[in-house]
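Take a look at the structures below.
Shared between the two complexes below is subunit A, which has subunit B as its partner in the first and subunit C in the second.
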Partner chain A sequence: MAQYRLHNPLAPYLFLSPFLLIIGVFVAYPLLQSVNLAFHQTFGPGFQRFVYLDNFFNLLQDPLFWKALRNTLTYAVATLFIQMPLALGLALLLNQPWLRGRTFLRLIFFSPALVGPVFVGFLSTIVFAGRVGLLNRVLNGLFGFNPDYAWLQNHVMGALIIAGLWMYVGFNMIFFLAALQNVNSDLLDAARIDGAKAWQRFNHVILPAIRPVFGFVVLLSLIGSFQLFELPFVLLNQTAGPDYQGLTIVMYLYLNGFEIGDLGYASAIGWVLAVILIVPTALQRFYFGRKEED
Partner chain B sequence: MVDRFQRAITVIFLWFFAILTLLPFFWMLCGSFKNTGDFLTGLFLPQGSGLFGVAWDRLTWDNYREIFTNERVNFFHSGMNSVFLASVTSLLATLASAMGGYALAKFNFRLRKPITALVLLTLLIPPPLLLAPTYQLLYWLNLLDTYTGLILPAAAPAFGVFLFRQAILNAISNDIIDAARIDGCGEGRIFFSIILPLVRPMMGAFLMITFLAMWNNFITPQVVLQTPEKFPLAVAIVNLREAYNMQEYGISTASTLFSIAPIACLFLLLQREYLSGLTSGAVKG
Partner chain C sequence: MKSALIKNQSVGLLIITALAVVSGLYGLLRPVSESEGLTFWRVNETWDKEIYGRAIDDWTSVNDKQVNVQVLGNHGLWQRMRSGFFSGTPMADLIEMHLEIMMGVYNGPEEAIGFLDLTDLLKRDGLLEVINQPTLSPWSSRGHIYGIPVSVSGVMLAYRADIVEEAGIDMEAIETWDEFMNTLRPLVRDLDGDGYPDRYLLEMEEGSETGSWVEMLILQAGGRYFDRNGKVEINSEINARVISKIALWGARPDKLTVDLPIFSLAGNQLLIDGYAVAWLVSDWRTKFMKLYLKPLAGKVKLMPIPAWEEGGRRTSILGSRMLGIPKTGHNIEESWDLVKKLYLDREVCRDRYLEGDAITPLMSLWDDPVFDQPDPFFSGQKKGRMFIELAPDVPEMPSSPYNMAARRAVAAASRSLRAFAEEKGITSSQNLHSKARQLLAAAEADIRFRADRNTFLRE
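Right, the complex of A and B next:
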């Protein structure tokens, strides 16, 4: 960049002013206040009482918080191990040059990602219902599955994982498909001519080429899974479900802050979530920012 | 021969998954035109003696009529609210992001590095952490139950500033900008008539991303808004359950379909920009 300046020295600050103003008021200040709140107990937004570290001590002994943490972790791990292979598999199958209607299929697989979790949650209450629900009817038709099985009574996590699959497999597939465009096709042809089997080609040519994107997608999915809220909350009719089977970390934050009215406890939960997510988020931003170094 | 067999398996497998993906949409579409009795007895369209063995005359517009005319939960009003909130927010956010991103990409100034670091640090904050303090702030500012309280915090996302900074850094040469300056072009005009047209694909993608995020956002309007007349679709649909019996399947499917249809149309128009914008940060292009 040139040493001299052609522009008015104030110009960049003017361009940045809307951003800086809003970040200052609606990010920086709330962030500081969330530290402050975490040391208080509040009764609605107007009244607060300093309680030292009690919120954090209480959290450690709060069985519901551990339940929420365990549920969230279960969902995140299941999502990772079921969704990633499926998404990558679909991307590999779709990435065949001879395949007709690729764009159309890609569109179909991606389409559920446009539907917000709140709408999926709302509809899922009927999808997973016994007798009338879509899932039981299809399972019953295909495998003779018990048509009256009450998913939302016995197996909330199963329902959440299935709904999550429907929503996000196609979304993740899009990233893998874009990454596969970067696989060197000459290298792939050379490997084929040299007699490399499909698995060997995948392992030695495709996988190294898409590894950064793979990391990005895994982290994105992990971060998203840890913030699961709308889907179970709306699916379970604004509750945590029978025996708190659908309670997640963010749902616990919401229930404490906005149904009980303790913004302090909610902020403490928020900080625990932030600490859990700081490593994956930082890593993901690193992948994201990688481009500028090229 | 083996190759042809493999191809056939691939095609069958892909279309099986495609049908599985579309099944809930089709089921919802059928359900929204059926009365409760037909919903309970048949999975898709009611069987009868009409064309394709379907009883077309049993299908009904009643579910849609009901959600558009109901006094307590009016989906027409909620749809308008959603359109307003999502359009205003996405326009403001795109403009603020493009301006900020341009400043960080193409100007040499003292606070350039600290502000870039600030943008990256902001991206590390999980949004739920700010929920409680933002609610308290809006309470103090008297902005609870207002659209201002919903739109302002979302009007300048750090994510957008970062995306536009990347796009402008790589795609626009400094020479064009300096040449315009030498010709006496003002900074505002450079931005609006040179920079913005050059990042138009990025703008389309980002408009779409923020529109979608605002349309589907539930937690913030749920916390901030109190008056049912102000509810966007995401909040209204959850309140639907209080207005109706849970067994009104036709109404539930019709309201969901109505809530996602505008998004689907918008996406079909902008899908190329949207998908490439989505992956632009993750994949080297």
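Right, the complex of A and C next:
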């Protein structure tokens, strides 16, 4: 194999420079600029006024921000406690060799992820619409349910969670399925021979084996939940729904930055969101890291 | 070494790199195209196409100047316009836009409003006095006028004449909202026997996504969300009285109003099916009816909105479109001349009424016989004249940048009030009044918090 010797000591820096340039221009500079913006009130990039920490103090008193945070947390908790078990349960089911048509069913459950949140949001509007909605039509036909019931006025978060389940259960299922297929079958056989029941096999063999993937999916879903934007934006017809019931943190960021034009306040929201996201990330790393060491 | 480096790279990577370099250089070195003549961005309203085509042809033949018309969707127009205002990207010489977009233009300091102040041009050409003043209000900020409205945007009540006449109801005898609801109440019916009504009296936005309908009725009653100086004024007696009534109209079990997806196929079909007996229409919205509710031709009539009390105002205002000139325009005088041609020329205004139902805000043209033509869609009524008779009573609409937020906040208060009435079984608006004031106080605090945060508007 040919050996090359560097004659120029600047060569490594030269090779690194494209990467550093791109990171500098597209990552480091915007990050620093957003820190700077968070201390300004702006009307577009052209009109800026230094407001010290006012944006952060205002956020603390801003009822809409708290509403957005509460909505986002509700969605994130639902993701954690409804979406994850469903995705894992579905993966366990679709990993069973006795199940016929597994491949087709996997595709069916994964397909909403292929079309994306805008499409799912749009379809959900048809499902949850009042007089002409699919859900009301079916419920009225079957049980005589009120055909005028306004789901998107009375249960915005419920509709959002259901649309989210439709969208992401299949997506997360794929990760679990991949992890389940890598569980050592010798261990499962040994447990079975030792008389372990299904729950014991799941708890003591399967779960520890898929724990790294589980942690990854939980973290990914939590971050995704906190960044929720397109789904409610489309589902609620480019609004935050009645009484801002569907307002999420990222929607509020968008509203301030791109509709009102205050990039400073939007940056402050962005940094608060970043801090919020650090907490579950650190917890995840701590918890799953410790489990792996055990 | 050079050849070894190249040899070790994949062909694909080299092609991608080459393409990136070439396209990057092309983007950097390409001259910005400066089109000849005036550029006009307009919103996508299909029936206006021919009217604009003829007017622009006329104007270009006289002025020997080309007009490049670009039709844009609302969102695209908003993004392009803001990019132009904020970052100096290429801008049109004339922009036509909807009210919802315009409110966002007023958020910053006065010098950041990207539109030219037209007040002096209107005065100079003697137009200020002949334009219906309330119609200018949404397009004005801090005492300056930034746009010319396409229509008066007055509001009337459209109702299903076939249904009410079959029931033997004389609509001309109805003067107030109370009379309207009480007289038409028997028309709320379960038509298919499933135990739920399939017909309601009035289409009313019951969520709070836009809050336009509640605002329309509050303005009619003489209420408002902001005073002329932009000070928040949501928690008032009038506003409380109106939202108390609206809440009761929508409260079960005696629900009289209904929310339906307007401007959608489903909403149109529901109107055709008689799901709502009446709905509020502005002059420009009557065109939507003709386009999308064709089976209702000859079955609907218009009447002035019932008043809140005897002798009260019988109309309101619903947002519309305007034409404005960006400050960055190349030739302000030519742009202004084109604005006058497109929005204030007698022939164009006649065409716009005949083909688009829009009533010009130019009072000097209101004597045109075109407005006296019977409209077969509206059972032969002289629709234009009816709107014009109400035009001087059209209320002012505040142009605060926080008006959209205020609309949503008040509509949310109205919605909460309805839920409260349903929960407590309240059937009298007087018994809702104190709760209404409480909810409006919260809405006012919310909007004041947001408005006070804006240091640009404090000066």
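Following the convention adopted for this analysis, the second predicted complex is superposed on the first by the 245 of 294 C-alpha atoms of A that agree within 3 Å, B and C clash if a C-alpha of one lies under 4 Å from a C-alpha of the other, contacts with A are read in each partner's own complex, and residues count from 1 in each chain.
Just so we're on the same page, a residue touches a chain if its C-beta (ideal position, glycine included) is under 8 Å from a C-beta of that chain, and two chains touch if they have at least 3 such contacts.
In this text, all values refer to a predicted model and were calculated from it rather than measured experimentally.
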Next item on the list: Between subunit B and subunit C, point out the one touching more subunit A residues.
Entry: B
Next item on the list: Give one of first, second, both or neither to describe whether A:E259 is in contact with subunit B, with subunit C, with both, or with none.
Entry: second
Next item on the list: Name the contact category of A:F47: first (subunit B only), second (subunit C only), both, or neither.
Entry: second
Check: Thinking of the overlay built on chain A, is A:N237 touched by subunit B (first), by subunit C (second), by both, or by neither?
Finding: both
Checklist line | Contacts of A:I193 with subunit B and subunit C, given as first, second, both or neither | finding: neither
Margin query: If we overlay the two complexes on their shared chain A, which of subunit B and subunit C does A:W166 touch? Say first, second, both or neither.
Written below: first
Note to self: I'd like to know which partner A:D148 touches here: subunit B for first, subunit C for second, both or neither.
What the structure shows: second
Next item on the list: Look at A:G130 in the shared chain and tell me whether it touches subunit B only, subunit C only, both, or neither; answer first, second, both or neither.
Entry: second
Notebook entry, point to check: Can A:N140 be said to touch subunit B (first), subunit C (second), both, or neither?
Noted result: second
Notebook entry, point to check: When the two structures are overlaid on chain A, which partner does A:D62 contact: first (subunit B), second (subunit C), both, or neither?
Noted result: second
Margin query: With the touch criterion stated at the top, can you tell me which subunit A residues are shared between the subunit B interface and the subunit C interface?
Written below: 2, 45-46, 132, 237
Notebook entry, point to check: In their shared complex, at which residues does subunit C touch subunit A?
Noted result: 1, 4, 82, 85-87, 104, 107-109, 112, 194-197, 206-210, 258-261, 266, 269-270, 275, 401, 408, 411-412, 415-416, 446, 449-450, 453-456
Checklist line | Footprint of subunit A on subunit B - complex, ascending | finding: 7, 10-11, 13-15, 17-18, 21-25, 27-28, 31, 39-40, 43, 95-97, 99-100, 102-104, 107-109, 111-112, 115, 118, 120, 122-137, 139-140, 152-153, 155-156, 158, 161-162, 166, 169-170, 174, 178, 181-182, 187, 191, 212, 215-219, 223, 234, 237-238, 240-241, 246, 249, 252-253, 255-256, 259-260, 263-264, 267, 271, 275-276, 278-279, 281-284
Item checked: subunit C-touching residues of subunit A, taken from the complex the two chains share -> 2, 4, 41, 43-47, 49, 51, 54, 58, 61-64, 129-132, 140, 144, 146-148, 150, 152-153, 236-237, 239, 241-244, 259-262, 265
Notebook entry, point to check: Where on subunit A is subunit B touching in the complex?
Noted result: 1-2, 5-9, 11-16, 18-23, 25-27, 29-31, 33-34, 37, 42, 45-46, 90, 93-94, 96, 98-99, 105, 107-112, 114-119, 122-123, 125-127, 132, 134, 137-138, 166, 170, 174-175, 178-179, 181-182, 213, 216-217, 223, 226-227, 229-230, 234, 237-238, 250, 253-254, 257-258, 263-264, 266-267, 270-271, 273-274, 277-278, 281-282, 285, 287-292, 294
